[in-house]
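Input: structures, listed below.
Shared between the two complexes below is chain A, which has chain B as its partner in the first and chain C in the second.
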Partner chain A sequence: MSMAVNLPPVRPQTDHKRPGLLRRIVAEYGQECVVLAAIMLLFVVVTLVNPRFVNANNLVTIFSGNAYIAVAAIGMAMVIMTGNIDVSVGALIGVLATVAGTLAVSGYPIWFALVAPIFVGMAVNTVIGVLVAYAKIPSIVVTLGALSILRGGLISVTGGTWISDLPPDFLIAQKRLLGLPVPFLFMIVLTIAAFLWMRYSAFGRSIYAIGGNPEAAVATGIPVERRLVSVFAIHGAFAGVAAILFATQLQVIQSTVPPNLELTIITATVIGGVSILGGSGTVIGSTLATILFATIGSALIFINVSAYWLRAVIGLLILATVLADMLRRHRRT
Partner chain B sequence: MGKIVLSAILALSFSTSLSHAQSTWTGGDDLPTNPLACDGAAATAAAVPYDGGEPTDAPDRKGKTLTVVDVPKLVGIGYFNATSKGIAEAAAEMGTMNAKTDGPSRANIDDQITLIDNYITSGVDGILFAANDPVAISPVLKKALAAGINVVGYDANSQPDARQWFVNQAEFNGIAKSMIDAMAAEIGEDGAFAIVTSTFTTPNQARWIAEMEAYQSACYPNMKWLETVEAQEDNILSFNQANTLINKYGDEMKGILGMTSVATPAAADAVTQAGQCGNVAVVGLATPNAMKPYVASDCVKSVVLWNPVDLGYAAAYVLRAVADGTLQPGATSVEAGKLGELQVINGSEILLGAPFVFTKDNINDFDF
Partner chain C sequence: MNLRSLIRHETFLALLLVLVLVVLSWQSDRFFTVSNLLNQGRLMTEIGLIAIAMTFVIATGGIDLSVGSILGLVAILLGVFWQNVGMPLPMAIVAAIAAGTLAGFMNGFIITRFRVPPLIATLATLALYRGLAEGISQARSVRGYPDWFYVLGQGQVLGVPTQLWILFAAAIIAAIILAYTRWGRTVYAIGSNEVASRFSGLSVEKTKLALYTASGFAASLAAVIFVSRVSTTRSDMGTGIELDAITAVVLGGTSIFGGRGTILGTIIGLCLIQALKNGLSLAGVKGDGTIMLIGAVLILAILVSNIFGRSGSR
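Showing the complex of A and B:
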């Protein structure tokens, strides 16, 4: 390797001046802070208009209702941080939900029905990862192909029928632990675990390195191809968990998935501050963004505003976020 | 650069909906409505001249045993198993019809056209169909008419002149009346309810909502229409939206109307998980299989749709009548066995009748 190497931009925390803790948090997690502030602002405003907004049941709806999207967004954030994208995850979640439901009603043990989607998701995404990392096919192309295959396959295999008669023990997303809804707990625990892992483990740091500067990553001895495959596989595991939360929330499993689910997941990661160009962002941001979506959705109903504004507001948020990201990068270089 | 373009497209896909932001509040459309009478008397629709086709040189089939093929959108699913069961029932009742069902294994228009073409060649007296595509199927149906075959559609229409009659399972005002009647029966004629729909601009749902509003204001003026929320065709979003409605209105809201087979079971699940069964009624359009758990638990009492067994049954009787020459262009009704007199609407369509309400007593008889 004799080529010149662009070192990644110097991170603020290596500064010797060490500004105050709050200043450092805002500097390093700017987008996360913006999203959090937006959530808090919405809560204050809507509660002033209609105090029922903060009743316990509505808090459950807001913080638990989008948990499966947040969990899927964790894996998506990792993929996007490496400078790739996955547009097939919505269809994958649909397939995995059907896998879980089919196993549950076919008499397999509940634990098996709940664990199988995680491994199937890892297997599918390992194939995608190999095509991206070793065959060097752009991830958008591979995953567009996977999207068609998974979506078409799901309809062909199920014939559009729904799965009902699910055993009550299977419906874990309806349960509570320590008084808190299970989807909420999954979201919080997985977000924090992933955040710490990505910040402090060598593997986690290498995800940022691959997306921030692939040549430098190679030069520093990171096995980029292998790591890419692993990241896609981990993303598949998160899709599996998301699929379980999705499949066990209601008493019937549809053979279709919410339209544009993959777009919602990608949007959450982008608004949460994960750079669409790779190399930066956190999963705290993506989780906060899904909570923001749920808050906006609920707020619109509570203050009687048409749901079309939700999409309009989210569209503007994406543009603003991407623009801010570009400006930040421009300033650094 | 590609990624920047991608993110721009992403943003655009969401923000283009800005232009719709001023959409109507209730979720209905602006087309004129035609609400049915409160007591259910038949609507007096303006007479439309017959616009169906005619077979060329059809032989006299009066009273003779007919060989009939039924070509649904696809075979092997509960819905079309039910229609073909209805056709078989009617055929057995008449004793003068040999009917068999043969459809594509997936809902594919090319397969369906090939299949119909083969039956024209092999020679049948009548064809029943449910089209996968109203335009694409029309040439092969015209070919059947030209070969002197009687052609009757059901469930999904072709172009009118490509078949003789079409059995229409439900009109918008009929569905609207059944939905509002069922809701009024459960929450009282002065109850308040909200609606969960797909989007305000989905044509069928918008039409149903507009007709429901018209019928409700004429027949149950004291019912209170709280609001209509959108939930795409997204079951978890439907669940969240229904929950939000419950959280927002509390005891004020007595019922939720689900406008899609995705929204209705999700709303029922929200009511179930909120422990509000019995306090918040759920009435909606949905397929029976999706609703069985909620009907079995007594959380949902009425599911509105049509009966596909009756639909197939009626189609077989219409084909018999048209082959016998008893159903002629210009007729206003047709006799359909146990279903009685069915009304002719829109020129060359036959209305199956009032929508079917699935309840705890009958829902287990259906599998679709």
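Showing the complex of A and C:
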């Protein structure tokens, strides 16, 4: 238990001097640093065991193959920071991928097929947001219902058929820009943009405020209900982008929802340091956590661990990260 | 605790159930037959056992997402203990259930000892336990159990499916514990105000530890029944069953924030879901359309209950 004895500080207080930049970063972004260190450690160890780990193909797999999860985790991070949760996003991504693919093969312009999922995602999540913010139904209940509706709807409309013969221009996730894979660029640009927006804009700050203390947020004049709906809508837009990256990375779109995708996204967000109680964390953490998962998956293959143990290793790692985070927090308080 | 709103939700739900039963039996003459209803009870048992334990967990304001993975793990262990380790089947069953209960205890330990929020703790063990199941099974399936074992999942006692008796017994015992014992009241107290409960001298941590352990036990029992019903063991068994169970519990009027909920509500919610699944499939609606409808019913039921009972969301 957290029965910490309040010992006097060992070092003399240095209030007059700001601590060094590195120390401030570690203090403020502890969880992000832990995840980053884990990624680097894995890279070093696995490369020592098997130098082929750092070949170009494998790096693309690690940094680009899971980029859509990182993009979806950005929106999820915002939702979780407000103290809510969304368990329907995996189903939504499945639906939006099918929407994009269907539009692309039925003769609509490519740009339309690529943009439509973003707006459909926003529309769906606006409804969810309204139910959460105004009808006051807990988000886990609304999204649990939405999960069933979206998943059931997808399979009953498509009948589980695959979409193939996609036009080559549609497959943007397979293209490169400036020599780098497009999904990787999307992940980096969106993560940095979202990070800066959440840190410096009034709207972004209000997301933290709502999650940290909803009553105080109301008292300071933040329109909490409207903001909640907006956050869900933005989350829907990110799900749209994620769906496009997901839909265009292969030659076919399987009209099924990737199993447990929502749990992977939520886990990445939480491992990245976003507090499930709301109010803290960054999207840099969630993106790093996604890269960490991909690194672990790839590392296991390169050090010849059976793929069947992959989930167990990831599970163990998640548990270790969560416990470390809790212990760190208890020590601080 | 607002008793009136509580009664209201369950009354509303029971009326909905009656309405659904009437409409469905009108739609298909194969629905309202004894054999069909008993068979549906058979299919309901695994989710039902998990949902009963989940009612307690959610009533304390917690959640257990790992039950589906525990189910998968116990199913695999049952097969491995019996076929690969060479234990006699009864011993393998007991050992597998003990392992699953231990998995539940682990959840409780992480939640109470390290103060990890239940959603996160069980999300992590969801991945861990399913991963262990996959790793241990190496994608093999175990079949060819002795005949007596199938009595549990496929046989009948006094004309009623065996497992339905277990569900009945579990529901009645759980309902009595939750409504009439000191321990049951503690569950509500924790869900209403955990800090106040702790200061009132209630053993919050012990109660929670016991509940997550019980949830693991319920999932293990469900696993054995599941294996017996489908005659085989696979590592992906029970995937997503946590969402079905939570849907039944929340539909049954248990507040996701804790402090409110009854076993009766959960059972009605469970019956409603199963009746919809079965009735619609008999009426020619595909299974996926049914999933959609269950999602819509869940949201609508809570919405209506929020509008009528003012204390709905809390």
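Going forward, the second predicted complex is superposed on the first by the 293 of 333 C-alpha atoms of A that agree within 3 Å, B and C clash if a C-alpha of one lies under 4 Å from a C-alpha of the other, contacts with A are read in each partner's own complex, and residues count from 1 in each chain.
Assume a residue touches a chain if its C-beta (ideal position, glycine included) is under 8 Å from a C-beta of that chain, and two chains touch if they have at least 3 such contacts.
Given the structure is predicted, the values throughout are model-derived calculations rather than measurements.
Engineer: Going by the contact rule set out at the top, does A:226 touch chain B (first), chain C (second), both, or neither?
Structural biologist: In the superposed model, A:226 contacts neither chain B nor chain C.
Engineer: Is A:23 contacted by the first partner chain B, the second partner chain C, both or neither?
Structural biologist: A:23 contacts neither chain B nor chain C.
Engineer: Touching A:304, do we find chain B (first), chain C (second), both, or neither?
Structural biologist: After superposition on chain A, A:304 lies in contact with chain B alone.
Engineer: Touching A:165, do we find chain B (first), chain C (second), both, or neither?
Structural biologist: A:165 contacts chain B only, not chain C.
Engineer: Of the two partner chains, chain B (first) and chain C (second), which one does A:277 touch, if any: first, second, both, or neither?
Structural biologist: So A:277 meets both chain B and chain C here.
Engineer: State whether A:149 touches chain B only (first), chain C only (second), both chains, or neither.
Structural biologist: second
Engineer: Once the structures are superposed on A, label A:327 by its partner contacts, choosing first (chain B), second (chain C), both or neither.
Structural biologist: Only chain C; A:327 stays clear of chain B.
Engineer: Would you check which partner chain A:135 touches, where first means chain B only, second means chain C only, and both and neither mean what they say?
Structural biologist: Second partner only.
Engineer: Residues of chain A that sit at the chain B interface in one complex and at the chain C interface in the other, please.
Structural biologist: Comparing the two interfaces on chain A, one with chain B and one with chain C, the shared residues are 85, 138, 140, 156, 259-260, 263, 266-267, 270, 276-277, 306, 308-309, 311-312, 314-316, 318-319, 322, 326.
Engineer: So in the complex, which bits of chain A are touching chain B?
Structural biologist: The touching residues are 50, 52, 55, 57-58, 60-61, 65-66, 68, 83, 85, 138, 140, 156, 159-162, 164-165, 174, 246, 249-252, 254, 256, 258-261, 263, 266-267, 270, 276-277, 294, 297-298, 301-302, 304, 306-309, 311-312, 314-316, 318-319, 322, 326.
Engineer: Quick check: in the complex, which residue numbers of chain B touch chain A?
Structural biologist: 2-4, 6-8, 10-18, 20-21, 23, 25, 74, 76-78, 106, 200, 227, 229-230, 232-237, 239-241, 243-248, 250, 262, 265-266, 269, 272-274, 289-290, 292-294
Engineer: Can you tell me which positions in chain A touch chain C when the two form their complex?
Structural biologist: 1-2, 85, 87, 131, 135-138, 140-142, 144-156, 259-260, 263, 266-267, 270, 276-277, 306, 308-316, 318-319, 322-323, 326-327, 330
Engineer: For the complex, give me every residue of chain C touching chain A.
Structural biologist: 63, 110, 113-117, 119-121, 123-132, 134-135, 137-139, 239, 243, 246-247, 250, 256-257, 286, 288-296, 298-299, 302-303, 306, 312-313
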